[in-house]
Amino acid sequence: MEKVKDALDFTDFSGVERFVLVVFSIFLLAFPWLGAGSFVKAVMIQFLLFSLFGMGWNTIGGYGGQVELGKAQYVGIGAYTVSVSMVWWNIPFWISMPIGVLIALGYSFMIGYPLFRLKGHYFAIATICTSLVLQDIFTNWKLVGAAKGIELPIHEHPDFLYMQFKSDTYYYYFIMVLFYIALFYMNWFRKSKLGYQLRMIKDDEEAAESLGIDIRWCKIKAYSIASAFVAVGGGFMAVYNLYIDPVSVMDLDLSIKIALMAMLGGAASLWGPIIGAAFLVPLDRFLGSWLGGHKGLIGVDFMIYAALIMVVSAYQPRGIWGIVEQLRGKGK
Amino acid sequence: MSRKQILFVFVLFLSMVTMSSALFAAEKEVKIGVLYPLSGAAATIGRDLQRAAELTAEIINNKTPGVDIPMAQWGGIPNLGGAKIKLIFVDHRGEPDRGADLAKRLILDDKVAGLMGAYHSSVTKTVSAVAERYGVPMINDSSTSPELTKRGFKWFWRTTPHDDYFNRDLFELLKGLTEGKVKGIPAVPKDKLKNLAYACENTEWGSSVAKSLEGYAKEYGFNMVKGILYNANSPDLTSEAKTLVAAKPDGMLFASYLSDSLLMIRTLKGMRAQTNFFWGQNAGFEMADFAKTLGADINGVLTRTVFIAKLIKVKKVAGQINALYKKKYGDDLTGATARSVVGVQAWAAVLNKAGSVDPKAIQKACNEINIPANELVMPWAGVKFDSTGQNVLGRGLIGQYQKGADGKIDLEIVYPFDLATANFIYPFPGWK
Amino acid sequence: METLIDALLQGILMGLLFALVALGLNVIFGVMDIVNFAHGEFLMLGMYTAFFTSLLMGVDPLFALPASALMGVLLGLASYYWFIKYLLRGPAIAQLFGTFGLMLFLRYLAQFLFGIDYRILQKGILIGKSFSVGPFIFDATKIAAGALSLVAFAAVYSFLNKTKTGKALQATALNKEAASYMGIKTDKMNAIAWAIGGGTVGVAGGLLINFYYVYPTVGLLFVMIAFACVALGGFGSIKGVFFAGLLVGILEMMFPVFGQLVGSDFLGPHFKFTVVYLAYFIIVVFRPQGLFGWKK
């Protein structure tokens, strides 16, 4: 109970932040009724999905300060578990998704244990390598469709058990619920014992160790939490797109996108990943679809995207949220 | 001007105002959403596909002299009151989830009558799933994964033959070789052809080609001694090529994109690989850059295709549309772009038959359509869909790169045997 | 046996090139503690430079090498002075993403300028030539690339160990503060590191264009291997990156041959780089500072 109270307690934020949160929540709730087109709706779903990913990444990457670049493998685990169990055994989404999360958790402990012997850049590159290895395995694993991926059967009638709906609005509300669960969880997490320990580790590992904190164990726990978050998102991707393949759910690009959005918005802050996703997802989708038709402008959208990343990382390493705080005179 | 006349003009004006909505309706458009990879790794091909589709829409929308098919004289869809076809192009970049989002946009926001595309089989999968969910017809012009039409979809039709057709063509050719049916050479004993090896790139396309090749090899009594899947983005294909050579096959079969096909052939040449023939499953092997880059090295290499510029000798329509395309963009039509032409043609024919943009009517029209062979740029027997939505009248070609008298490398048709334009070169003449 | 030796030799040739690609990454890392994600894009631009120099000026791609080296140096310096310098204020993680942004920017700039077509050189003294020694056949271009990358390695190695600037660079790598007390300007050393980093990878690009094609995203393939090489050998270790490069090349070539010998289709070439990544992971777990690393 205490935990739930903590999770719902936003009182340590400023009035403005709380006001924005309320307005934003009302907007999210009302969004499908505002008459936006379906493409905008699809972009909103992407935005919520990537916020979810980013918030997950934030546990280990933001609060823990570990450069984690292999989250796509857990997206893949979540997505593949849901798809495989639906195609082979006709298991409903609501059972297969938790199983996917459990597998992701188990796998993350297994791999996290050796992984967290490493520090800094060795760790960063090792996370990329493990993700690439898993992707290669799935690309060649005939049982799960290898490179061809898996197609989920389309149900003729909407089916809540299998999360199959005709209208995107249902998917929208579903991912919105997940988004809020993640947000409340993160709100609790940042105030939890583990949250404090992680920040201490990030600031000074030796000092944290001398205080009797089991550094490796803390990191593994944070890593696993992040993996669980991401696996949920992966399960959602499977039922939403109805088709997955190793490139779309396990690619290095996806790992980097996840970390990038959280970083750009502002790592180690509750709002950071959301802000990052709110910037990059629409930029990617709208600019891309607008410029895509214009010959001669191929690549310009990504140049703008890249320039934004460069400017923010050079100007304010704490991301867009850092800039906001700086403007409000709160930053260093 | 008399009063009567003024009255007449006034009445005319009034009736025009009231009729204008109806008139406007007569001048209306039919929107078709087209999804192609216009940026990203496949942007070059995407751009060509877009051009071919645009050109075809122009031919149908305006009365085009010099193209001898009824469609070119329509000036719009006759049964829809001369409505023009309007193609809305969107760019999916080869990403399945982006394709799905864009398909929703086309269906719900742009309210298109139907979809076409999407080149990549993986994107076609998600796009057709969206189309199926919303009950909007999709005609696929250029994705060749056999599985696409094995899903029991009700809103998906495909004009192009799929990879199973093409792979069977290869084995028909080999069978023809052993029976002495091939133009220009006597029968080859089967034990000289028996052992085959393949190297396919390991995405959706290559791996399904690999599977299908193995199936047909068994069916036709050939022996697949080695099969490898490789990563098309590999910085080096030496070990792949070595594996192939070590198996000492009588023929090497490939499913490669452009970059890896170049690297593969160069690597094999570097090893002075010896075998009786090379066959490529389209894609890389069929692109203009393949011949441009490798030059005389590929004299004798086979590629599956659906359209070869030489076809204009035997097919009039192909020559006429090719001439228009070449005039406008400077290139000949290729297997990919010609399929895009047929895709738009199929849409026009279907819309005309349906006489309505109602999805149900289009669905019915698709299931009943029968476009005769002489209206297509392709050497096909026509377009007619079976119950799975696959065009059963399509067929593939096998071309062979041959060095002409002028020293230039050209693609000649060697299969089907009745269309052959040159003598078959066998065995592979060796590296220069 | 023959196939094994053959694979070993081919592996060494590829390995030398992988090592050269990774060298610059490691020099920059050693001096500044920055992992440069844009390294692959430097390689790509080096390849384009050699490609266009060779094509437009009609010189053999081998003689276009100085142009791509120069391009690399300029690129390194420009990136450092105009961008990387500002990143240094932030934490390591922000630096990483900064260079990641640079990578995207250069990649799509190249796409904008040169288009997405694959380009491969068709003419050159060595292109398409091969010769045999006993039962082994070698690509002339790969022999040249291997030999020249050995030369480049030797040059960088002797520069670092024989010249005063090189020693100052090493001092900075060891301890920035101490070196700056002794009058070594960190800023200048950083710039030199970026110049060397860019220059060597530019050369690697110039060598690569002899037998590989160039397109805007070609860098990613090589940079991942370079990352594994650098981390495997140990961040900051020149010797380490050399041997790690060789190891990666040999692993990549030997693995499929090994699979063939044991008659397993499973251990085929489709896993050749998987093995490299896996090897990195396993080695580094037991030796968290890499094979030759001294920095943790």
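Letters are used for the chains, namely A, B and C, taken in the order the chains are written, and counting of residues starts over at 1 for each.
The rule is simple: contacts are C-beta pairs under 8 Å (C-beta built on N, C-alpha and C of every residue); 3 or more make two chains touch, one makes a residue touch a chain.
Just so it is clear, the model here is predicted, and its values are computed rather than measured.
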Q. What is the chain whose Cα centre is as far as it gets from that of chain C?
A. B
Q) When B-C is set beside A-C, which has more C-beta pairs in contact? A) A-C
Q. Distance from the CA centroid of chain B to that of chain C, rounded to the nearest Å?
A. 40
Q | Centroid spacing, where centroids are CA-atom means, of chain A and chain C in whole angstrom | A | 32
Q: Two or more other chains in contact with one residue: find those residues in chain C.
A: 115-116, 270, 273
Q: Can you tell me which residues of chain A touch two or more of the remaining chains?
A: 139-140, 298-299
Q.
Can you pull out the residues of chain B that are in contact with at least two other chains?
A. 39, 43, 202, 229
Q) Along chain B, where are the residues that touch chain A in the complex? A) 38-39, 43, 47, 89-91, 93, 95-98, 100-102, 104-105, 107-109, 122, 125-126, 129, 132-134, 145, 147, 151, 202-204, 206-208, 229
Q) Which part of chain C faces chain B closely enough to touch in the complex? A) 3, 6-7, 10, 14, 115-118, 120, 122, 128, 130, 137, 139, 211-213, 215, 217, 221-222, 225, 252-253, 255-257, 260, 265, 268-270, 272-273
Q | chain A residues within the chain C interface of the complex | A | 61, 65, 67, 114-115, 117-122, 124-126, 128-130, 132-133, 136-137, 139-140, 252, 256, 259-260, 263-264, 267, 297-300, 302-303, 305-310, 313-315, 317-318
Q. Okay, in this complex, where on chain A does chain B touch?
A. 37-39, 41-43, 46, 139-140, 146-149, 151, 154, 166, 168, 237, 241-243, 245, 247-248, 285, 288-289, 291-293, 295, 298-299
Q) Where on chain C is chain A touching in the complex? A) 29, 35, 83, 86-87, 89-98, 100-105, 107-112, 115-116, 216, 220, 224, 227-228, 230-231, 235, 270-271, 273-274, 277-278, 280-281, 284-285, 288-290, 296
